[in-house]
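Given below, in the form of structure tokens, are the structures.
Paired with chain B in one complex and with chain C in the other, chain A is shared by the two complexes that follow.
Let's turn to the complex of A and B:
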């Protein structure tokens, strides 16, 4: 394999991987802190896409502003979802419902998809591109949209890193994921932390949807593919760990770009799923599963 | 400072605490002693708001805290150090201590408390960057107490700090508790080690099967016949 092909594969892989990492991190946060198997994650990706579309196309705002607004709206949607759905359950029942969270969020997914259908109709809302440019990287011409989306993902992940490591609420989130009772006894409001966590997860998903608007248009069922991709990454990396999700996202991105190159589009899914099956056979907890002690630390 | 009246509590259908009343005055060092299974931990859990109370009242610093959520009770200054310690295993000693100060806004006070913790437990200062999960039993105990101190407590409830520790380490932990008391922290200590506890506490309540069967100053309790026979093995 000549060096330019390697460079190409690496580049494509990284660009994909960055966005996979972004989506997976949101999922990892929700599972790691709240123990919820979140199956409506894709719907917040779509929400971000819709928000960015309307901000950019209908209101004519500039791309970065549209993406930021989309992220903020997704954060808000997360807060509302938690307050309306999970918070009452946390108060009422003794926590057994968390085991059934998969069904709950699957139901939420159906509801949201149909709400989108009612409100926005079945039309695809897409754009050709945010930025009319292509950037020459490593001898390849890559669309500016892809590169900027990757940079946004990187920035978001870096910001999350700083947030979790250095800020008070970030530390509280890590603490809650390790020992809820210990956190409560130090005056940490569990409900607030859960709401914050879910909102952050939704925001990251929305950010992904908004950044990739030119590649994946907004439409009611547009959340399915990102959902499956996120769960794929998190399962491979090990559930509930953010660092694992980041690395997992990059690995999956690279794997997909390599398998696409050698096997073609038709067989790429086979390769990915084959990898998953092998992993579940030999290391069901995921690549980093056994080392997971917290949502952040490994 | 802390007043518990007619507390009834338990786990679901199983009632463990029967009509329990106790009082802790400001600045006192009170012990709650009894054998395994007497209900001492359950009492502390009920006071801290971790388990619901079936009936009874708890007042802290004049305010009723009976129905309050546990994190609010902690913020009010009533800090509970559990027997399981509930440390954040994957975080460093330093981060654990910082989290102890989560609900204090005063940065100066936090730094003062940190200095105090390091004075009392110099080993924690040495192991600041180490993960809590890698500490020895005694060090974990000290970290838990130190973390509790960072919360700037008015009253500290400690559950069986001597459990599972080597005798030498137990003495260190008790020395630390005594030092805490000296600087003005009110303490409610639950213990099975009756002899050692009665030597440092001001007064004690003795529990058996969910009820208080004896109470009084430590000095007189040490001379109490029933106590001497049943708990101290003296005849």
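Let's turn to the complex of A and C:
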């Protein structure tokens, strides 16, 4: 294999991995704090992509402004979803929360996908690029969009880390993820923490969809691939392990670009499944997972 | 078809009706027998091809919902690649029917066997872990199967579709209906017998309280594995039937949308009720199908119904039925002393 191919594979893998990490962190956060196996995560990615598309193309806004608007809209959508669906379910659920919440997100995913389809049609809505530039990396020309999307992903993850470590609501989120009853005793309002967590998770997904608009256009079922990838990452890294999700995202990005190059579509999925089977056989808690209890703690 | 087993029984309290008692022990209670008889006789009086097809499709989805509920409703494990498992059965049955001279029935059994094996290994890897792992793994397995069905064009003809011969030459929709009806009855009676045996008791114990079941000496992994394998095999069996019935299969039969539909039917029907999903299928599928403008919104409605059932009425149709029956019984009891 010549060096330029290696560099190409490495770069594509890493740049793709950044997005996976972003999506997977949101997923791990929602799972770790709310104990929801979130199956509609990809739909917030698509929402972000649509929002950015309309802000950028229809309203002619600046790229950064479009992406920020998309992230804010996804955050709002997350708030509405939690208030409308998970909050009533929490009040009514009797001990079978995990399965019920999981099924609820599955229903939500079908509903949202088909609502997008009815509202926006099956058309692909994409743009060629946000920024008309390319950056030289490892002797290759990479479009600025990809590099900036990668940076946005890393920035967002870093910002989330600071938020969870340094601010009161962030610390409250971590407290809830460690011990719900203890958190309640300290006067933390569980409901608002859950809403905040879900909204943050949705925002991360929406941010991913918006910043990658030039690579993957907005499309009703466009959330499936990122969803699958991020669940794969989370399973590999260990469920609910946010830090592991970051490294896991990069690993899976690299693994996919290499296996796609050698095996092609179809067999690449087999390779991913093989990796998962090996992991479940030898280290079922995930590469970095020890015990699934807290978020951003180990 | 059950009638032949009507031997004379003396030790029953209702010895006047040994046959009914016997059928009841198989899970075929009187109201259900009436429903089944009506359904079984319906094709004799219906000439309309459209309604016949609707009956077959409703019964097909009902059977799959029954199979799904056997796992989802009892051991609390959601097979998230269900449509792909059924699709694997469909492809296996089709390939056996096309390439070997063994005939359609051998193909159906082969489909069940292969799908059962895939289910067994999926379960073997994941069922000892937390409940969500089996859902994730079956989802990944399902997607891999679909990707393979698309990629292996030499075997499956990919998206162009594999043409499947009919079960019998010139088989009409009525014939297909009776074939499916018989398979359904056999599968239902078997699943129902399992549920009402000691094994079924263990299933329910595991589903309701994993730790308590473990503490009382039940090996949860082994029972869950048994359950998951059986339901996978049944999914493959019905999938094989479906392949012959529609006559052409594409990788789209493994689409996640079908998993959602079956899952929604099973939970709308009532988790842990076996037959709830069948009733939900006969209720919802004709409604969606007859109102053409609803077809586009079908999945939205399924999703919404699933969400609403999950939040507000987890007992589903089966729970509704139980409540109504209890109310009626109470009302009768109240009236009796007065009269």
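Rule of thumb we're sticking to: the second predicted complex is superposed on the first by the 275 of 298 C-alpha atoms of A that agree within 3 Å, B and C clash if a C-alpha of one lies under 4 Å from a C-alpha of the other, contacts with A are read in each partner's own complex, and residues count from 1 in each chain.
Following the convention adopted for this analysis, a contact is a pair of C-beta atoms (placed from the backbone, for glycine too) under 8 Å apart; a residue touches a chain by one contact, two chains touch by 3 or more.
Because the structure is a prediction, the values reported are computed rather than measured.
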item	value
First, second, both or neither for A:181, with chain B first and chain C second	first
Chain B versus chain C as contact partner of A:6, first or second or both or neither	neither
Which of chain B and chain C A:168 touches, first, second, both or neither	first
Chain C versus chain B, contacts on chain A by residue	C
Touching partner for A:98 - first (chain B), second (chain C), both, neither	second
Partner chain(s) touched by A:190 [first = chain B, second = chain C, both, neither]	first
Chain A contact footprint on chain B (complex, rising order)	48, 50, 70-72, 74-75, 79-82, 84-91, 95, 98-100, 102-103, 133, 147, 151
For the chain A and chain B complex, residues of the former touching the latter	168, 171-172, 174-175, 178-179, 181-190, 293-294, 296-297
Chain A - residues contacting chain C, complex	37, 85, 88-89, 92, 96, 98-100, 102-104, 106-111, 113-115, 118, 224, 228, 231-232, 235, 239, 264-270, 272-273, 276-277, 280-281, 284, 292
Residues of chain C defined as touching chain A within the complex	76, 78, 80, 125-126, 128-133, 135-137, 139-141, 143-144, 147-148, 150-152, 256-257, 260, 263-264, 267, 296-297, 299-300, 302-307, 310-312, 314
